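Chain lettering (A, B, C and D) follows the sequence in which the chains are written, and residue indices restart at 1 in each chain.
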Amino acid sequence: MTPSPAVKAALSSQAIETPSWAYGNSGTRFKVFAQEGVPRTPFEKLDDAARVHAHTGVAPTVALHIPWDRVDDYAALSDHARERGLRLGAINSNVFQEDDYKLGSVTHPDPAVRRKALAHLLECVDIMDATGSADLKLWFSDGTNYPGQDDIRTRQDRLAEALAAVYERLGEGQRMLLEYKFFEPAFYMTDVPDWGTAYAHCLKLGPKAQVVVDTGHHAPGTNIEFIVATLLREGKLGGFDFNSRFYADDDLMVGAADPFQLFRIMYEVVRGGGLTPDVAFMLDQCHNIEPKIPAIIRSVMNVQEATAKALSVDAEALAAAQAEGDVLGANEVLMDAYHTDVRPLLRELRAEWGLDPEPMAAYRRSGWAERIVAERQGGQQAGWGA
Amino acid sequence: MTPSPAVKAALSSQAIETPSWAYGNSGTRFKVFAQEGVPRTPFEKLDDAARVHAHTGVAPTVALHIPWDRVDDYAALSDHARERGLRLGAINSNVFQEDDYKLGSVTHPDPAVRRKALAHLLECVDIMDATGSADLKLWFSDGTNYPGQDDIRTRQDRLAEALAAVYERLGEGQRMLLEYKFFEPAFYMTDVPDWGTAYAHCLKLGPKAQVVVDTGHHAPGTNIEFIVATLLREGKLGGFDFNSRFYADDDLMVGAADPFQLFRIMYEVVRGGGLTPDVAFMLDQCHNIEPKIPAIIRSVMNVQEATAKALSVDAEALAAAQAEGDVLGANEVLMDAYHTDVRPLLRELRAEWGLDPEPMAAYRRSGWAERIVAERQGGQQAGWGA
Amino acid sequence: MTPSPAVKAALSSQAIETPSWAYGNSGTRFKVFAQEGVPRTPFEKLDDAARVHAHTGVAPTVALHIPWDRVDDYAALSDHARERGLRLGAINSNVFQEDDYKLGSVTHPDPAVRRKALAHLLECVDIMDATGSADLKLWFSDGTNYPGQDDIRTRQDRLAEALAAVYERLGEGQRMLLEYKFFEPAFYMTDVPDWGTAYAHCLKLGPKAQVVVDTGHHAPGTNIEFIVATLLREGKLGGFDFNSRFYADDDLMVGAADPFQLFRIMYEVVRGGGLTPDVAFMLDQCHNIEPKIPAIIRSVMNVQEATAKALSVDAEALAAAQAEGDVLGANEVLMDAYHTDVRPLLRELRAEWGLDPEPMAAYRRSGWAERIVAERQGGQQAGWGA
Amino acid sequence: MTPSPAVKAALSSQAIETPSWAYGNSGTRFKVFAQEGVPRTPFEKLDDAARVHAHTGVAPTVALHIPWDRVDDYAALSDHARERGLRLGAINSNVFQEDDYKLGSVTHPDPAVRRKALAHLLECVDIMDATGSADLKLWFSDGTNYPGQDDIRTRQDRLAEALAAVYERLGEGQRMLLEYKFFEPAFYMTDVPDWGTAYAHCLKLGPKAQVVVDTGHHAPGTNIEFIVATLLREGKLGGFDFNSRFYADDDLMVGAADPFQLFRIMYEVVRGGGLTPDVAFMLDQCHNIEPKIPAIIRSVMNVQEATAKALSVDAEALAAAQAEGDVLGANEVLMDAYHTDVRPLLRELRAEWGLDPEPMAAYRRSGWAERIVAERQGGQQAGWGA
């Protein structure tokens, strides 16, 4: 493979956002296994994120989660990021970890709880003003566990009302990214279960409301790249929460469970003109048993490799075979790009950027893992809920 | 249970449409098992449908499938129906059983095939004019089997173009009902895989375009009643294709696989004001191994029973429990209606309507089954593709 | 329905075991919502379990979970149970909540961890000796998250070795119940993912090793009653962990998600001669958002109602229709029992047993809920991990 | 990658069996699209299979399906094969396409139907004697569509009885391969739904009874390589029916839907010592819309590529990382082999074998496709049921 300059340019401009919470501890409902050296503050999370960017060159922004990353001085946090070559990314709201939210947040039957949840969402926009973040990412754990528990339709009305209030508050250059999720933690019904629901709400809200696709939030067998293609066609794809899954929302490293699916998704992104800053490429993962920083480096590389393969598809040959109804020929063009080993190309690119061609090895040699274990003693480790 | 007059009135006005093709032979890809006495003409299908209505009192219309039910004289067919207490219902198009459609119909890469498919759809509207049918039901088997086989987005453009042309042709009082299907017969991607895609198209087309929910066309675990509630809220629920499934699109008798789900669906219909003529309640089933007429009688009764239970929910008590966040109490109100045996009520109603309280037994006693076996000798049995 | 004396006798002898942990707090990975009045000790859990038995009459035993229910004096615990009309039931091991078990317990690559896990399992048999419990229930969270992480086959060897050591330790009248689970908390592979794996191990171990079916531990669409019928035919069904699920291992109240499935399962139990003390009928649920004691009462009643319906199937008519290949007739016999409202029968039975016919209402009136909120102040609430 | 001699030797000795029916027409329940040039006789199927072997060098045997491939003179068929460098492979029975089998074959309620089905199975062993085939592959479409339709357990008894009779009839060097299938064409219950059921029957029958894994016959999310590893550990893996699927039993080209899964399966085969003649590697696919011969060439190549990758895994490095509990390191070793482009190696190997390095291109250039279209005029095309 001798990549065109356009391919190299596209890969050079790629930006993958890493999530602050993926540097902290996480787990399943059965157990959170704590790891040594885990950050204790938002600042330390940025220190770790800076290592990912330093080794990969394509992870320049970091998503924050409120309240987990709430600080007194967001300017100081931005400065801390900038000094490490990073910028603060999307603000993620959290209306699922307080006792009041047992039966929902913006869709709760009690108006007082709904008001509280809305206030939190609006606070997140305030934080966006302070951090300069462009995107507010909204995921709601809202839903019900039992048929009849609450009224499906009334909850949609409540949801629409809250979204409208947040939309109204958005400033110039700010967007709302609405996430959908098939199930969990609600088991009978979630209030935004699929892309159709998110799309319908975003459509009514206006152009600043966009849908975000979390690759782990679908029913078994769902063709995710179809959704990506459709949302791009509708001008409603705001971004991705990347991760991978075998069964449910496993939140494994993106590309680990089904690398071919990731390639197909990235192909539709490329084909649909989505490889632009208007689509946010974010990771949203949980590293329950593997060390966090190298897992994130690996994940960034996986997205990068899938992108490189997607960019390598011979578009002309593909279109020609498709037009002729040549089923095997068209499939073969796509598969040829997939089967190509793009790792040599990416090593070459990293060398051009002045980076070590092997990010994983370079990180291991850097001593960072040992250093954080030694230095981050005492304090409260970051984690889901911390 | 002492049903209110409103419940009895609602049940008395219920209309469930049976599909002409369910009276004919069907099967799996492995084998079509022929049955004795199966209709050989659209007229004989109406004869059978008349038995279903005669015994249940709630199946007054019959859906046609073109070209399977193409006749020279639709007025004669309408007369045949009327003489038997029936009316002709939705016109179902078929753009999946000709060799030209191997790679699609309205989304086919070849414009000539697309034109042919569109011509068929327009012919179906002509037939609606002739039969007085109000609804055109569109299901497309279009899709691809292999990644890369065709361009997902371009196929959406082709689909939109065809739908617009059909929409344009619709007359006063005519609607287009767009069906979605998760998979089969296309395996990698279907062009209308989910309600979101159907909804997005219908929204752009206008008020005469509505979504139809086939209960067997979803991914495993999909909460269908949520979709029903949402489409009703959006004013976009055109109707149902009822059947039931354990795994894929099994097309078993509605209510046979998960009667509780059917109840929950009918509850959302009732709650959302959907028990009106604006929502078409149609069966779409395949009776591969069981005798067809009694299977359809049973299916009609299953929808009726689920409706009766849904109508029996104590709405006031439910709303009160929901408002209080009483999870168990609210669920209990719903379950109480579900666990109630409504069969005595329905027997009573049938007696009031002058029918035998036991449709299955009455059909068995009627001798119709024996008569059609004796009389329908020779000719070509109706079936999928016939 | 006029139930036969045999039906009433069967219902009178039914015993459903409730799990000590279902009286404590539980949650999802996102949040554990604490409830007021939750037990703080194993003794208080028995107090709550006694209320369930007092109101239902069919929940005489309580499963323990070690180490959550570890006490200094098991004789005292047994006495506490007996004084409340209860007995201690199955001992459930826990080898998933210590840091050492991050990569597995009995299948861990490190032999030291395997030894530790085995020691815990053997301790559980010691506790059985002390409590007089007959069943050791083994569920392993063991598995891997990533392909290649560990060797699938070697882990089976390690598992077999540990099971053999525990089997060897079992005394007279003691059994080992091996549970399987499709996924979670391991996401790529679990070491006992399906009934086949559990069965293969139990077969080699011997007659004291039996398979336990957790109704939430299967792939989507799995026909659980087939597994029940098969295990009964093989003499290898040791018991149930009842709960219900819409998507994954939701651990909702049994019978809440799919009451028809529960009925079909109980029908196969009855038909296969499984309604005996050799099959343990246990609940294993999480009441994350609903109050725990009434949720357990409801669950016990749901199993009881499904059993009553299963017992009511007209076995003779069913066999006759099946022998004739009468598909609709045979299905109708089964459905007739399912659609019957057995709640009047159960109310009648409870009255005969000297109980209030309405357990939920009786519990509400009893004041127990208010009393435990008032009395159980301070201390550490029981919960997963507590 | 510089492959070891052992890798090259393993690839040189690989044998993938192609199925005679994949050269004929097939389709979905909606439509069978006929293709030009399709074989009209078993002899012509062998002619086509010979092209696959000629271009790939690793497809020396052809599976037959009875009655579709019934001929008067099996010696002549064998000769026809041998003259083309082929051998006749497994005999596949068919007890699902006669009207008698509507409610089952060996599990049918009517003993006369069971006797007829058994006679067919025994005839298949006679044919094995005539063809010299070593394997009898048994797939039963048996099952039920509705709960209660027939007795699950009694059907198991009938199945066991038939299998025992066939087993008894097997000669020296003959095996029975029992296939399981999750669903379809039966929708409520299949009589051999999972590997556990097949395994339990094979275990009782004896060493000549082995389980065959069809990669499309599992519930969504099933970890197939776990089953492969387990069956190899138990000495009960008889072979594979390869194909791929996105949703159900799609019967697409193997490796087309999830090439990573195919690699993981082949890795477990290699690791478990299954790359021997004791495990039959067979394709079982339907080429509904793509030309058949090139689709089969592509499928054979896909299995070959997955095998090459599996053989390339650095076993020593993998074992070391696994032993240390190095999650990311172990996964990386596996992924490194997967991401390697093995196509250059296989081209090199084909050149060594005296073949064109590019089978697809060579086939296209061969003119065979045009020749069969021209020559195979008239007669009855082969197809499912033909």
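Simple rule for what comes next: contacts are C-beta pairs under 8 Å (C-beta built on N, C-alpha and C of every residue); 3 or more make two chains touch, one makes a residue touch a chain.
Protein identities per chain, from UniProt: A, B, C, D = L-rhamnose isomerase.
The structure displayed is predicted, hence computed values, not measured ones.
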Discussion item. On the document's contact criterion, could you list the chains that touch subunit A and likewise touch subunit B?
Written reply: C, D
Practice prompt. Working from the CA atoms, figure out how many degrees subunit B turns to land on subunit D, in steps of 5.
Written response: 180
Worksheet item: Per the centroid of Cα atoms for each chain, what is the distance between subunit A and subunit C, given in Å?
Response: 38
Worksheet item: Where the centres are mean C-alpha positions, what is the separation of subunit C from subunit D, in Å?
Response: 40
Response to the item:
Residues of subunit D that touch two or more other chains sit at 103, 145-147, 182-183, 188, 220-221, 223, 246-247, 256, 260, 289-290, 327-328, 331-332
Discussion item. Touching residues of subunit A toward subunit D in the complex: what are they?
Written reply: 220-221, 223, 246-247, 256, 258-260, 289-291, 294-295, 298, 305, 327-328, 331-332, 338-341, 343, 360
Response to the item:
The residues of subunit B that touch subunit A in their complex are 103, 108-110, 145-153, 156-157, 182-183, 188-189, 193-197, 199-200, 203, 218-223, 225-227, 229-230, 232-234, 260, 264, 268, 271-272, 318-319, 322-325, 327-328, 330-335
Item to complete: Mind listing the subunit C positions that touch subunit A in their complex?
Response: 26-31, 33-34, 96-97, 99, 101-103, 141, 145-147, 182-185, 187-188, 220, 245-248, 250, 252-253, 256-257, 288-290, 384-385
